[in-house]
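Per-chain numbering from 1; labels A, B and C assigned in written order.
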Amino acid sequence: MPVEVILPKVDMDMETGTIEAWHVKEGDLVRQGDTIFEIGTNKAVMEVEAPASGAIRNIKTETGVPISVGTPVAWIYLDGEAATTPSEPAAAAATVAAATTLSKAETPAAPVITVAPTSSGLRATPLARRIARQNALDLKTVTGSGPRGRIGESDVKRHLEQRPRCAPAQEARPAPAAGASEGRLQPFSAIRRIVANRLSESMRTAPHFYLTSEIEMSAARDLLGRLAKRHERIGAPKPSLTVLIARVAARILRDHPVINASVEGEATRFHERIDIGIAMERDGDLVVPVLRDAGSMDMPAMTREFARLREGMAKRTLTPAELGGGTFTISNLGMYGVDSFTAIINPPQGAILAVGRTVDKPVGREGQIVLRPMANFTLSSDHRIVDGVAAARFMADLREALENPELLL
Amino acid sequence: MPSDTLEAVSEIRELSYAEAVREALGQAMEADERVFLFGEDVGVYGGAFGVSGDLVHRFGKDRVIDTPISELGIAGAAVGAAITGMRPVLEIQFSDFVTLAMEQLVNQAAKIRFMFGGKASVPMVVRLPGGSGTGAAAQHSQSLEAWFAHVPGLKVLQPSTPHDAKGMLLAAIDDPNPVLIFEHKLLYKTKGHVPAEAYRVPIGKAAIRREGTDLTIVGSSIMARKAEAAAERLAADGISAEVIDLRSIRPIDFTTIAESVRKTHRLLVVYEGVKTMGIGAEISAMIAESEVFDFLDAPIIRLGGADAPIPYNPVLEKAAVPQEDDIVTAATNLVRRGEA
Amino acid sequence: MSAHQKPNQRPELAALDDATVAQALTRMHLIRKFEEAAEASYMRGLIHGTMHLSIGQEASAVGTTLPLEAHDYILSTHRGHGHCIARGAEPKLMFAEFFGKETGYCKGRGGSMHIADVEGGNLGANGIVGGGLPIAVGVGMSIKAQKNGRVCMVFFGDGASNEGAFHEALNMASIWKLPVVFVCENNKYGMSMDIGRAMAVANVADRASAYGMPGHCLDGNDLAGVAAVAKVAIARARSGEGPSLIECKTYRWRGHSKSDRNLYRTKEEIEEWRNQDPIRRLEDELKAHDRFDAAALMKLEEGAQRDIDAAVEFARTCPDPDPKDLTRDVYAL
């Protein structure tokens, strides 16, 4: 009897998933454990392994449409089984939940970017939740006026009225401007959808403010050169500027707990651990692998970890736990020649550091105009938990540390 | 019967609840000779609560039949008469005494049609005066309607107005199934408009007694009347309550309740029967299970009888069942603070 | 006296003509064979629930109903197969019901304990001990109000005579002089409890005087005797004089139900009653008076066996009910 391949439930509250891509085609021979397709949930993209070895048949080819958990998406015909079945095997076919790369994760995967939570700790009436859903509103950002802080309809409506005018997600479908080329319409990938929703949400709910510092990178550059030699000697990968910045940030975040913090309803969550997310691009998607416990790593360790994450990302072997749950994020676009930019905070984090390119610029030093390698650092902060002075102090420490890295000793 | 005279003034005619029931019985017996009334002291005594009144003089003792004090026996007699072509209307003197007749109502009346593959029907009506408030204490004051609403095969009604008392009794007598009508003793003397003609109030349809927007109060039997009075007071306080009179608890009109809650987002259920495992539990659960759940903006609140037998002392007796003040307080808390 | 001269028949037997006796005997055979086939089907797993067999009590069921008219009513008990067949129920529709089939008397909804044939005047077997007694009062009220001249015969066991329903029903039927015949089939045991331990008077029929009605205590395994008394009680009921109580002393050869291990009675007692087999007794008496020869009697029995075999075969092939119709007959529309 052929083995059914179902769209597996890979997350606690998952009801539907989307097949992002098939790695096999009709008739391919697969071995148990081979990746056969990628599934996008509302949290992350995961690979699904073949539950048995044999020939793949009856692939449901729809990608990009939501499918209910448990729906058969293909069948695997074992060796010797009639490979030409006119229709789908009967429902009696053995159901074997397809294994996923997640199955070995010890703890429930932390999402790369969390979706609006449906329960844990948050009190809201069913009606409030319904309206929030319809308006893509994160209830965490709403203040409840009911008993024990329960959010009701009136709280949500008040909140919606106060937020910047913005059409609800479902209605945001403007017709193409008259005369404009229709072009190619590509539906969002699962990741793109998450990024779009979460960053929109961030801009709507988190009052951003930005501080920019131009920092001299001579000492950092010099240090990076020396580190490269040392790493070569000890067999560690070559360190990059991004890692160095992450290392420095991790060190000074210790002294700035409010920057290493998140918004939680009406409270500030000060994180004990420093987990630094590094914004990266993969096949046109934004992903943020996390240097877990960055505060405890030295440069070789962090460089190795960063290399591992980058490789895992390229090979798509990272778990959602490795792709989410940071406490602070760094986005470096300097390698693309960007001078400076402002980044959108990765919610529920309180701040993100945007790094521009390092370029020789004339600066005044001891009464002389000299050329020095300079880079722009812009910190975006959520004003709900971070005040201007607190952000400025962080930036001052960042400048001091990058310009005088020996002070970190 | 001079019905033509009555019709002429039907627009303004008021009857008490007890008179309305009696009028329905009289009209049913006049229209259909299969209909007969029987029970303890329904004859010359006129019924323990005066409901049957002079009917024995109008229809004779063969159609208004005094029975021995044998609740099980007379309940079974109603079943036997019903399955062989009669339309018996049985009065159980106090609804509490139905405990003695459970076997025949639950095992026989409710199940005969089903057990016999649909080849019999049991068109009988049982009238049961119930409820507290008369100082009759624990064995003469109960509200046991929910017991019977738990039994497939029975229909259970709780008319709260003279108009419905008449119209629902006539509908029940027409109905080909066993129908239990719980009449609240405190309602017997209440008055209201009752048309003279023999009209029917459909079984299984709740009545919206008052429209409102802030919360829905579902009441059954006398609690529907109390809810109406409470709604009047709530209105003066700026709270707009929609009041639904359940009228029938099996079948239950879930649609009317659901539509109302979808509009008001808040639900308060008030009933005199013991709150635990009662009507309110069923209504709450039905809302929670339905798509209307997503329209709730506050927890569902039940006001029901205390977990105690009905006491004799009048202060305790009042405390044992929901009162108008309780409804006002609960509704206010629900709307203003989101809790009861 | 010639050699062929036989002692005179009892008047009870003489009162039954050959056709009536043949019909009665056929029905007793049908009951016996029906229940034996039901038992066999049960053991082969063809029957889902339990059943209460009346093997040994056939004369009571057939004798009491023999004088009834076609339009009269009966109300039966959990041990009621005999009453159904005695009133002319079709074994094939009864077996279909046993097998839970849509074609059964109750469309498979009732099973062994709830066989009814309302149109045929069988207002139903009853799973509750004493359940039919108050209903009989209402049926009597109906008959009286409708003045249709019918009679209602209600069966119950010795156990039921200790239920409150028994007293309420007999009392009401008597005060209103209802056309009801109360038939107690006293088979000595209320499940396991001997009637002698459950009742302080010797006979159930002794209780009739408390309700002002005649009480008849009979040998329930004597078809002719039972029929003769039933005839009197039925006539009394039909004439408006009121109800009677008939007690048929009999015995069930099998246990109370299929789960009975017979711990409360002895093999000897069962054997003693087996020797009082109502069918054999009637056959012997008929042969003794030369009313039927052995071949004729054998023919009746074989005919009954063929009917039962055909009934089982019919029921086996009938369709099961469709689960989507589960709630169909909960309410009349």
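Throughout what follows, a residue touches a chain if its C-beta (ideal position, glycine included) is under 8 Å from a C-beta of that chain, and two chains touch if they have at least 3 such contacts.
All of these numbers come straight from a predicted model, not from anything done at the bench.
Q: Would you mind checking the shortest number of contact hops between subunit A and subunit C?
A: 2
Q: Write down the chain pair with more C-beta contact pairs when A-B is set against B-C.
A: B-C
Q: Taking each chain's centre as the mean of its C-alpha atoms, give the chain farthest from subunit C.
A: Farthest by centroid: A.
Q: Averaging over Cα atoms per chain, report the distance between subunit A and subunit C in Å.
A: Comparing mean C-alpha positions, subunit C is 81 Å from subunit A.
Q: CA centre of subunit A versus CA centre of subunit B: separation in Å?
A: 60
Q: If you average the Cα atoms of subunit B and of subunit C to get two centres, how far apart are those centres in Å?
A: Centre-to-centre distance between subunit B and subunit C: 42 Å.
Q: Would you pull the subunit B residues touching subunit C in the complex into a rising list?
A: Within the complex, subunit B touches subunit C at residues 34, 36, 62, 65, 67-68, 70, 72-86, 88, 103-104, 107-108, 112-121, 123, 152-153, 155, 176-177.
Q: Give every residue of subunit B touching subunit A within the complex, in rising order.
A: It is residues 265, 293-298, 337-339 of subunit B that touch subunit A.
Q: Report the residues of subunit A in contact with subunit B in the complex, numbered from low to high.
A: 125-130, 146-147, 150, 152-153
Q: In the complex of these two chains, what residues of subunit C are touching subunit B?
A: Residues of subunit C touching subunit B: 73, 75, 104-110, 114, 116-119, 123-124, 126-128, 131, 133-143, 145-146, 152, 164-165, 168-169, 171-172, 175, 327-333.
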